[in-house]
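The same chain A turns up in both complexes below, where it pairs with chain B and then with chain C.
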Partner chain A sequence: MAGFRRYATYRVATAASAFTNTVFGLLRASITVATVGAAGGTLAGYDARTVATYAWLTQALIGPVQVFQWTELAQQVRTGAVAVDLVRPMDLQAQYLATNLGRAAYMLLPRGLPPLLVGALTFGLTLPTDVWPWAAGAVSVLLAVQISFACQFLVNLAAFWLLEIRGVMILYVVTSGVLCGLYLPVHWFPPWLSTLAAATPFPSMLQTPVDLLTGRLATPSAAVGALAVQLAWAVGMLALGRLVLAVATRRLVVQGG
Partner chain B sequence: MAEARAPERPGAWQAYRVVLGSRLRAQSSYRASFVLDVLGSGAITLVEFSEVYVIFHNVPVLGGLDFRAAALVYALAALSFSLGDLLTGDIDRIPVYVRSGNLDTLLVRPLPLLAQLVTGDVQLRRLGRVLVALGILAVVLPAVDVAWSPARVGLLAMTPLAGAMVFSGLFVAVGGAQFWLVEGGEFANAFTYGSSYAASFSPAVLTLPLRLLFSFVLPAAFTGYLPAIALLGLPGPPWLPAWLGWLTPVAGVLTWAAALALWRLGVRRYTGAGG
Partner chain C sequence: MREQSRGAGGGTGPAIALDALTREFVVHRRVGRFRRRRDVVTAVAGVGFTVEPGESVGYIGANGAGKSTTIKMLTGILTPTSGTVRTCGLRPVPQRRTLARRIGVVFGQRTQLWWDLPLADSLRILAAIHRLPASVWRPRRDELVERLELGRLLEVPVRQLSLGERMRGDLAAALLHSPSLLVLDEPTIGLDVLSKERLRTFLREEQRLHHRTLLLTTHDMDDVQRLCDRLLVVDHGRLVYDGDLAGLVHRVGARRVLVVDLVERAAPLTDVPGTDLMGVEASGLRQRLAFVPGTTTAAEVLAAVSTRVEVRDLSVEEPDIEDVVRRLYLTSVR
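Moving on to the complex of A and B:
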């Protein structure tokens, strides 16, 4: 709840981000629709309308899933304030996870609706009409939020060793951006790149939720399989984060008294 | 006033040199972080290019360009952007200075505010982007079919510099606008990074209003696409004839004129928190 309220305070900042997400949505939808046109009308199961829907849904999820950088924990480490976080009567990872869930819940509508609305008016969207894709998609987005958080948490932990993680974070943001399907659908990748993507948690952060929301994974078994993969990544990355955190706190020395 | 200031001139330039030198030493002293920063910044350019690569893995021609021509467009636009970003990419951090009150310190110094911000904040890690963009250009140039002439060599040499003017001008313009939008810094990204993204592709894929917006309001097309089709001798889409590719310096000068006007308005509007 604190996370929700905290981010709800910055209305102008949220509006500005939604505006930027929308401008990029216009460009991404134009480029991908033109690519489908150049391919003769369909490309890897996408036609002009479904690929535009893909571009707009991914733009709408950037805010909630937090595809771009989060360095709050690294800053706490750098300033030494992490010591205060560590003595709180709540586990460090759980504190940030709870705040992040609140943030994601708040971001869902103000960051998601404006791009979708503009997308519907300019390109037209194909959204499912029955309830199952929405239900599976909702679970999938929730898991995607956790996976993205778990990965960013791990990258932030690098601050215990490096102090300044800007370079590591940039590397993470650009690689995960491509491999999660933020620029083009993962289904368009050449084989070597899609194999690489499948070996990472990144497609589970964006491609999978959008696949479920657009009914691309139509059969129940495919949908359950995708959700199971997401769950495995979420649990695995969170556990890895705890492990690294345990090692990191053992070597932590904070100056002052 | 003019007479009183004249003797200070050489001193002012020396001040910039000293500040730049100190940035260089400061940024390279934490070696592991600096190396990672340069790698990260170079990776941005490489990863962005992967989008062009994936598209042309699926289709042979997009927006009137084949893979080689599209790679040339990307390389020119990326080089323009990374040079502009190196010069003035941190101007959009004005809200940080405003909030922390540091802007007042800068304003009372006897140097122009914009010059202080530019020299005080040169981020050497951004050289990574410049180098990778240059590398892509070096690979692409032998592969494209250009009827080279002295004029075209001149066009190629001029484009990244004039394109850098366009992007640095855009950064200064949104920097000026930040005086109104202290909390809405993200708006700036739509214009700066949005232009950079739009510049990486053929504007022929955009609808006419978007194409005109990213050509004549935000002159993104002048930094990559238009000079590239002028070099390759290709025709442009409606409203964008290839001869416009020779006019990138004009776009750069006009962008800076608009940017400086916005900047002055913004600075004049600024009132410190006092104290």
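Moving on to the complex of A and C:
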């Protein structure tokens, strides 16, 4: 609830982000469509229309999944304000997880719809007409939000040791951006890179929900399998976050009096 | 049930019990261009005291004396290096979440309110975090809003509140769940005289009305005089005084100050027996001499001064609590 309201306060900021996501959607859709054209009309199962759909859907999910950097917890540690979070009768990870869910819920429509609308008008989108891809996609997006949060939470925990995590965060954003399929579909990766990506939680943050929403994982078994992988990453990364948090709070030094 | 366990100071045991509490920090100092030296600093060194339910205790000391570190250990934010802490009968670090339901904490230099949201939203969210039913928290909020005069501010985003308004909001946030112990780390810092006075009146009421235990750190001696029945003075991580204000004044020797206005400019009167020269004003025309009433009298001091210079006018200033504490610090350092 706190997350939803806090982000809902800044409507102009949201509008500006949605505008940016849309402009970059135009760029990315143009580039990927041109690539498919150059490859002779299809590339790794994508044709011009489905690859445009991929580009626009990933743009729509940037906000809710929070593909780019989140450093709120690190700031709290850096300034010592984390002391305030710690005197609440709620687990620190649970507090931030709840806030992030609220944020994602708020971002879904204002930052998701504009890119999709513009994409539909300019390129035309191929979206499923059945209920099932949408249902699986919705679950998948929810899991993607959790995985992204769990990973960013871990990166933020580094602040308990390093205080300043800008460098670590930049490394994370670049790596995760490439491996989650934000710039190019994971299916276009050379074999060694797709093997590497499959060993990380990153494809589960963006590629998997988009694959489900576009009906690329059409069979029920493939869909369930993809969701199971996501669930495993979500649970695993959150558990790892709790473990590191327990160590971190034991060695905590509150900055600045 | 929950209300019962919270009410009346939260049980029979002491609100706070510390024994031989110690906390060390590792500090990296820069030596030379690249090298850093690792030093161990002892912020709190074997502090022990007990606070009973319903007491109002001032925890005072100079900057860096170890006040905030102690507060963080007894609220469960910091792990002690050694020694024991019990707050409301709980071990703060392992039982931090349970403890958080029983205590309220205000950090004067930070806020627990959500910066972007109106105060009303922050209070609603806190009620949800503390899992308070509407029948409990709404009447409590209304009481706090009325007594802290927050009605006009409820719908204003916290970032737009003045410091005094925000502090009252923070107090409401810390007291919404009716904690038996309220810990305040410099609650009046940066406030104007009027805001400070309102805050003190409110805290006194809160202690008397709801039998709440207060522990506050402060540099403001008016806070001490108005709010604290008992004082704990720390210096360099050690407890150097535990008792009431009168006892403290007696212990360090309450000093009165004789202010003399002279007819002509004179050299500083540093050699008057039994006095310390506190200050020279108007290039020697006004001089301030402090003395301890037990060892000498104002008349003796005046007589001694009169043998040296001609006095035109005089007045006597009564003991100043700030001076008392300053002297306590000085004596404990030596």
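Quick notes
Here is the rule we go by: the second predicted complex is superposed on the first by the 254 of 257 C-alpha atoms of A that agree within 3 Å, B and C clash if a C-alpha of one lies under 4 Å from a C-alpha of the other, contacts with A are read in each partner's own complex, and residues count from 1 in each chain.
What we mean here is this: a contact is a pair of C-beta atoms (placed from the backbone, for glycine too) under 8 Å apart; a residue touches a chain by one contact, two chains touch by 3 or more.
Fair warning: this is a prediction, and the values are worked out from it, not measured in the lab.
Among chain B and chain C, the chain that touches a larger number of residues in chain A is B.
In the superposition on chain A, no contact is made by A:A222 with either chain B or chain C.
Contact with chain B, but none with chain C, is seen for A:A39 once the two complexes are overlaid on the shared chain.
When the shared chain is aligned, chain C comes close enough to touch A:D91, but chain B does not.
By the touch criterion defined above, A:A81 lies against chain C but remains apart from chain B after alignment on the C-alpha atoms of chain A. Contacts of A:A239 after superposition on the shared chain: neither chain B nor chain C is touched. When both complexes are overlaid on chain A, the residue A:Y10 reaches chain B and chain C alike. In the superposition on chain A, A:G167 makes contact with chain B only, while chain C stays out of contact range. Residue overlap on chain A between the chain B contacts of one complex and the chain C contacts of the other covers 10.
Note for the complex: chain A touches chain B at residues 10, 12-13, 15-17, 19-20, 23-24, 26-27, 30-31, 33-35, 38-39, 43-44, 162-164, 166-171, 174-175, 177-178, 183-184, 188-190, 193.
Only residues 30, 32-41, 43-44, 47-48, 50-51, 54-55, 57-63, 125, 181, 183-187, 189-190, 193-194, 197-198, 201, 204-207, 210 of chain B touch chain A when the two sit together in their complex. The residues of chain C lying in touch with chain A in their complex are 25, 68, 72, 75-79, 93, 96-98, 100-101, 103, 105, 107, 109-112, 114, 116-117, 121, 125-126, 128-130, 157. Within the complex formed with chain C, the chain A residues making contact are 1-2, 5-6, 9-10, 80-81, 83-84, 86-91, 95, 250, 252-254, 256-257.
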